[in-house]
Every structure is written in structure tokens, then in C-alpha cells.
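Pasting in a structure now, in C-alpha cells, and then I'll have a few things to ask.
For clarity, chains are labelled A, B, C and D in written order, and residue numbers in each chain start from 1.
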Amino acid sequence: MLKHLPVLLTVMPLAGAFLVPVFGRSGRGHRMALVTVAVTLLAAVTMLGITAGGEVLRYRVGDWPPPWGIELRVDALGALLASFFALVYLAVTIFAGRDIPGELNPASVHWYWSLLLLLLAGINGVVTAHDLFNLFVFTEVFSLAACGIISIRDRLDSLEAAIKYLILSAVAAGCILLGIALVYMVTGHLNLSYLAAELPMAARLYPKNVLAMVALLTTGFALKSALFPLHVWLPDAHSSAPSPSSALLSGLVVKVGIVALIRLFTTVFTGPVIAALPVPVFMIVMAVGGIIFGALFAMTQRDLKRMLAYSTVTQVGYIYLGFGLLNETALTGALLHIINHALLKSMLFMCAGLFIHRTGKRRIADMAGLARHMPLTMSCFTIGAMAMVGIPVTNGFVSKWHLVLGTLHGGQPLLAGVILLSSLLSSIYYFPVVVAGWFGHPASPPPPGPEGPPSMVWPIVALASLCLILGVWPHLPLRLLGDVARTLLGR
Amino acid sequence: MITLFGVGCLVFLVVCALVVARTRDLLAATVVFAAYSLVMALVWQQLQSPDVAITEAALGAGITSLLFLLAIGRTRRTEDEEG
Amino acid sequence: MRHVPALLLLLMVAYVLFLTMAEAPAFGVVDVPSRNLVVDRYLDPDPEETGVPNAVARIIFDYRAHDTLGEATVLFVAVGAAAAVLVGRPGPFATRPVTGTDDPILRTVARLVIPFVQVYAVYVITHGHVSPGGGFAGGTILGGSFVLYLFVFGPGRAARKLSPARGEMVEGLTALWYILVGLGGLLLGASFLANAAAGFPLGVPGKLLSGGAIWLIGLGIGLKVAATVANLFLHLAGES
Amino acid sequence: MEISLGLFLRLNYLVAITLFLIGLHTMLTHSNLIKKVMGMNIMETGIFLFLVSIGYARQSLAPIVDQGDGVIYANPLVSAIVLTGIVIAVSTTAYTLSMIVKLYERCGTLDVDRLERLRT
């Protein structure tokens, strides 16, 4: 059974998602989703145990050998991402159990659980894919499911945001598919390893074709992962979705595009193939734009979820910055930041969701004095804000530290300045919320009562403690990711 | 495929696409789009991909056009908001 | 004027793509890089590996069946998300365009035509492995016969034939069928979605009952697509 | 000169890219949502035409491989890719149109610019 885990990682959530409309209509959907996510988490952690030593799990779907059939691969990076993503998923799914039924039309609640599992299947499909077209198909699965968990909230602004997101996703899908067509035309392969072997030859014979292909694929995946200036869909989509969806969209979904790009740039577009094309430089420029502008826009927001969404634009910029530098320390920082930001931003969005659930208000000004009524949630929000700014003992500090070191190793002290400047900007928009939350006076106090249902408070507390644990003892993921970064860069 | 008929089909496709893009009447655009899909199916038949041609005729020309018709029926017929 | 950036972008894309096309491998030639060992095996004239002569069916239901699972999932996601949106409260500008017709000619013709359409659809679904067509095209035609019924007799009567709840159930079960066939390959000692390697009987190539898992998956896909199309149009016609 | 000759010999590719660009242009510049979806479909069929053209060779036959030896068949892999692509395109279209219908029910407009003005 162990050798089938790479494919089961995708197939189990799929089976769960197909079962929900059959059996999950009468309120059982949430429990079915929970069980499925838990089993997926178990599978991912098992694979992490196997691959942590450097082993790569290869799986031939349908028993066909690679160039003919579809190959799946799980390395330490894939297993680590799948584990953390499933962990965040479990917390969000527990949280959503009390939040979602009140937010949605009762006739569509069971679809929410189904779409949630389909989104997980899409993410896992992309993380495990080792075939370009397979990657595209599962990219579409997660893109459509991501729109689905936005538009399911029966409001005008959610619909508008989902349409915008879906149309831009379709442009991205067009770019990716045309890129795949171009690369298939000159190599005749879709498997990533075989592509990598054929591509140097093809780049000599048809250089323009290969360059256009790299540009199209990069644009497509950058659009899906909201790299500045292609982020225009993100603030609306992430702020108008139901809070559990926002947590997943900001925490996980934007990262999947980056993971796909990291895979492509470390296995296929290596060395001479992209030597003529300054993609990394381009990425760094865009990343710096995202870091600065995301922070500036976040400062002007009055809606809490919109502010968090713009902060995601900044954080995506950090990850692209570390990736574009292409040195070991920076890449380690970027990979660690993918995980840290997944934990942090999901936690912050769940805090925001609980504030909204409890008070019915969503403006930043309404958070004043809430610590008196919701001390645990406010503490967790404070931890998240500290980590976003990059204060020591939180996990955000560790990844930012590695990114700064990476810029120095890469001989770019100016970029280190950008990171520090943006930390300053983050503190300008995060800390007033925290200070007002603890010391402000509420305009209208919320109705008396407990902080919130335990199933909504504890997932937040669990993720916040994990953020602190990873901030104090970052060695385990760091050592693993350091090895991964070395392998990816081929050293 | 490099027959007069094939070239004619390709020219027809481009003309149809331009008409769909330019016309302000969404219903007319849908009808032209259905014709476009059918000719596209014909081109794929000539390119020796009958599986794709059948699927395009059923899904692209049939289902997609019907979807557009229903969507226009539930919304408005012209692209201009004042119409 | 606000379209100027978009136009500049398009001109740039057009310039790059046309230059690319001018130096791409020639059109209509056998000697191109995409015709390599991969395609040769797919086109193996002896169908002993898969048991079916239609090379496209070989690929979508056997060699690359995992992609087709993803494709069926995309369809499931899209129609599920659409259904979840469409059952929402009606807004102030709501209309119902499909009411059916009282025209006796239309009703009689529809009654006569629908059985023939359905027989043809079943033929296309069940012969997907030996001739062009297959689950996706045939399923669409089968769903199309339901759409014809819907347009002629109105959404109320159509929903009595197949209610949205029942349709969703059929969709879920047929999608599960795909996974079950795949898991069958896994439990028989091979991999997920394995066909001949797992010992599915391939039968005599060219016959109706041949191709093992290919035939089973094609059947499930046909039913799933039909249910999906029917369900989608029922929701879009305003019946929920 | 060289470029135009190269493009003429690859007429199918030229038409496919032209369709892709027409569709992309419609998607990016039209403010009507249904028109944008039509543009999306044209863009995607352009890509499919490109893919199918890659698989064609002169005198090739449809890839139903029971026609004896020494026959050239069209590339079946691109057909499989295009089949998947068509289904994905139709799914996206269906979902987008459903959302557009619901959006219109709420606010009575299909125009993105007007939606923007309604919001402010």
C-alpha cells in the first residue's frame, strides 16, 4: 500500500469529494470532509517520513513506463508541502464547520465541502505531478475549485470577484496550454525529465520557440500565483470569500503556482535553455514591485480582510524574490516562507473570520478593544502580526532572516534594504490594529458570551502555537529545506 | 489539407472570429459562433482527427452555443447597456 | 484610450508568436520532432497492449487515464460550483427563459426524435474504443436529448424525469466508478488505473466487449457527462 | 520576406495564432462579460487548432490503427490533449456563464465598467 501513496494523495480527496453529493446532503458533509482531510494528512506525513532521507518516490500511473504514461514524483519538498498544506487544511476544515452553514444558502452547503476537497485534490495533484499536461489539468482543477469556494457565498461582491478571478485564470490557462503546445511541438515529450533531456537540443534548433514557451508558462503560472502586477484579481477575491475560503486561498492556493514554477525552473528550464532570457532578473523586479506596492496598498485599507489580502501580495513578492535570486540560502528562505506564510495567513484570516462571526463587523476600526472579549483570538492575531513583521521567536523572522542572508550572498544588499523597508511598512499597518485591539475602547461592545465555539477557537490557537514552535526550533524544517534547495539547484 | 477548400475553411474561421468580436448583438454573435465551431469541426475532420471533430461538434458547437443562448435569454441581448 | 496598454501588450505577443511560427517545424511533414518513440508506441498496429484499435481512446482511457480523471474532475467542479451559485436567492432582475411549448408539432417531433438520439448516443458511447467518438461526445449527445425534452416540455416536467438532486447523485456515483475501476487496478496488484497490467480481460480487439478497463471507464464517463449536461441545463433553465 | 514565406507555408499555424490573438483581444478589451466568455472560447479553439495541426502530416489517416502496415497516422497524443482541453473549456464556460446570469439577476448589468461604477 505504501508504494501507492503518491497517487492516493490525490485520489483520496477526489473520492471524498465525489461521495459528498451522494451521501453528504443531510449535514454529514462536514464530517466526511474532516475524515478525508485527516486521512490525506496521514498519507502526506507518512511520505514525509519516507522521503526525508533524500529518497524520491516515483509512481507510474497505470503501470506505463515514463515517456508513455504519466509519472508522479514526490520528493522531500513535495512531501513537506503536502503535509503542511494538509495540516492547514485540517485546521480550516474544523474551523469552517461552525462558520460556513451560517454564511451560505442551505441548499449549497454540501457543495462547499465537496469543493473544499476538490481544491485539496487539485493542490496535491500539482504538487505530485511530473508531467507537464498533468500539471495543467490539475492546475485547472484547483483554479476552478478556488473560484467555486468564493462564488458560493451568495453576495454580489463575491460573484463579481469570482468572475474576475475566473476570467483571468482562463487567460492564464490559455497561456499555459499554448506554452505546452509549443514545447510539445519541438520536443515531442510531456514528461518533465524527458523534456529536460530534449530541451537543450530543441533550444539550439528552434530558439524562438523555446523562449516564447518559457515566457508563456511563466506568465501563466505567475498570473495564477498573483505576482505583481498580475495580482489585480487577488484583493477582491480573497476579501469577499467566506473566511475559511480566504484562509485557504491566501494561505495555500497562491503558493501552488509558485511551486509549479519552482519545479519547472529547477528541472526543465535549466542552464543554457534560459541563459538568453533574463527570467530571474525579471522576477526579482516584479517581486520588489509587489513587496512595496502591496504594503502601500495594505496601509490604505479600512477593511480587515482586504488589508490581509494586500499583505499576501507582499508576501508572494518575498517568495518570488528568494526564488529569483537562485542561491541556496535565498531558495531555502523562499521555501520556508511558503510554509510559514501558509500557516500565518490562514491563521490571521481565521482570526478575522472569528471576529466577523462574533461581532458581525469587518472594518479595522471595529476591532478596537476586542481583546477584552476575545483575548485568545487577539493573542493569536498578535502573534501573527509579529510574525508578518518578522520579529524574533516567530517563524516569520526565520524565513525573512534567510531571505536577507540570501540577498547578501547574492551580492544584492539593496534588496536586503527592500526587505527591511517592507518590514517597517508591515509594522505600520499591522501594529495599529493590535494596539487598538488591546488598549482601545470599543464603540459598541459585542453581545456578552464566550469567545466563540471551541471548534473555531482551537484551530486558531493550534496554528499560532505551531508558528511559535517553528520560530523557536526552526532546525528541523530548515535542515530538510536546505537539502532540498541544494538538490533543486543541482549542487 | 492544402486544398482550396481547406484554405477557404481557415479564412472563414478568421472572418467568423472577427464578426463575433465586432458585432454588438450578442444573439447574432452566438449564431456566428456556432457556425465557427462547426467549421472548426470540419477542419479537424480534414486534419484526420475525427475524435476531436465529433467532440467539438457536440460540445463546442452544441453545448456551448446552447449555454450562450440560455445565458442571453436570462440576461440581455445587446452588448450596449442602453439598448 | 484606456485600451492602449492592452493593445500594446497584444502587439508584443503577436510579434513574438508570429516570429516563433515562422521558424517552427514545418506543417504537414512526417519528419517533425513531435513524431518520436512516444507516438510510435501509441500507434502500435498490434493492439495487444490495450486491446483497442482507436489510438486516441488508448491514450485517454489507458496510457494517460490519469489526465482524463482530472478532466472529469474539472467538469464535476465546474458544474457543482455552477449549481451552488444558481440555487441562490433570485435577484430583482430574474427571468425564466425556458417555459416549454404547446405547439403540437414540436411536441410530437420531439417525442419521435428523442429515442433515436438516445440510441445513437448509446452507440457512440459503447463504440468509443473501436471508432471515433467515445464517452465525452456520446455523453453530450445523451444529455442533449434531455436538453431537447427540457426546451420542449418545460423545466417542470423535465425535473420529474431527472431531478437535480438525483442528477447530482448520478454524477457523484459515476465519477466514483472511475476511481473504483482505477482502484481495481491497484488491488489486482498493479498500479492505479492499470488495465492489461492488472489483468483486466482485453477480449478480441475490434469487438464491442473488448479493451478491459477502457470500455468500463468509457461507459462511466458517458453516463457522467450525460448527467452533468442534464443537470447543468436544468439549473440554468431556472429549476432548482 | 523570409518570415512571410515561412508563415505562408505554415498557414494553419498562422490562422491558429490569429484566432488566439482575436480571442485574447476580445477578452482584454471588451467590457461585456458574455463577450469576454466568447473571446475565451475563440482563444482556446485557436490553441486547439494549433495542437491538432501539429499532429497532422500529409497523407496521414485518422488514428484508428487497423488499416495495415506502412500507413502514416495523425498524431493521437495531440488529439487526446485537445479532447481534454475542449472539456475543460466547456466546463469553464458553463461555470462563468452561470455566475454571469446570477450577477445580472442581482444588478441588471453585464458591463464591467458599469459594475465598477455601481460599487463606488
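Please note the rule applied: contacts are C-beta pairs under 8 Å (C-beta built on N, C-alpha and C of every residue); 3 or more make two chains touch, one makes a residue touch a chain.
Quantities reported herein were computed from a predicted structural model and do not represent experimental measurements.
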Interface with more contacting C-beta pairs, comparing A-C to B-C: A-C
For subunit A paired with subunit C, centre-to-centre distance based on mean C-alpha positions, whole Å: 30
Where subunit B and subunit C are represented by their mean Cα positions, the distance between them in whole Å: 19
Centroid distance [mean C-alpha coordinates] between subunit D and subunit C, Å: 17
Whole-Å separation of chain centres (CA-atom averages), subunit A against subunit B: 37
Multi-partner residues of subunit B (each touching 2 or more other chains): 1-2, 49-52, 55, 59, 63, 67, 70-71, 74
Per-residue multi-chain contacts in subunit D, two or more chains: 11-12, 20, 23-25, 28, 37, 53-56, 58, 60, 62-63, 73, 77-79, 83-84, 86-88, 90-92, 94-95, 97, 99-102, 104-107
Subunit A residues counted as touching two or more neighbouring chains: 133, 137, 140, 144, 147-148, 151, 159, 184-185
Touch-based graph of the chains, sorted into line, ring, star, complete or other: other
Pairs of chains in contact (touch as defined earlier), listed by label: A-C, A-D, B-C, B-D, C-D
Interfacial residue positions of subunit B with respect to subunit D in the complex: 1-2, 7, 10, 13-14, 17-18, 20-21, 26, 29-30, 33, 36-37, 40, 43-44, 47-52, 55-56, 59-60, 63-64, 67-68, 70-72, 74-76, 79, 81
Residue ranges of subunit C touching subunit A (in the complex, touch as defined): 16-17, 19-20, 23-25, 32-39, 41-42, 62-67, 69-71, 73-74, 76-78, 80-81, 83-85, 87-89, 165, 168-169, 171-173, 175-176, 179, 182-183, 185-186, 190-195, 197-198, 240
In the complex with subunit C, residue positions of subunit B that touch it: 1-2, 49-55, 57-59, 62-63, 66-67, 70-71, 73-74
Touch list for subunit C against partner subunit B, complex: 28, 54, 56-57, 94-98, 124, 132-134, 136-137, 140-141, 143-144, 147, 229, 233, 236-238
Sites on subunit C touched by subunit D in the complex: 3, 6-7, 9-10, 13-14, 17-19, 21-24, 26-30, 32, 34-35, 38-39, 42-45, 47, 53-56, 58-60, 64, 67-68, 70-72, 74-75, 77-79, 81-82, 85-86, 88, 90-94, 130-132, 136, 205-206, 232, 235-236
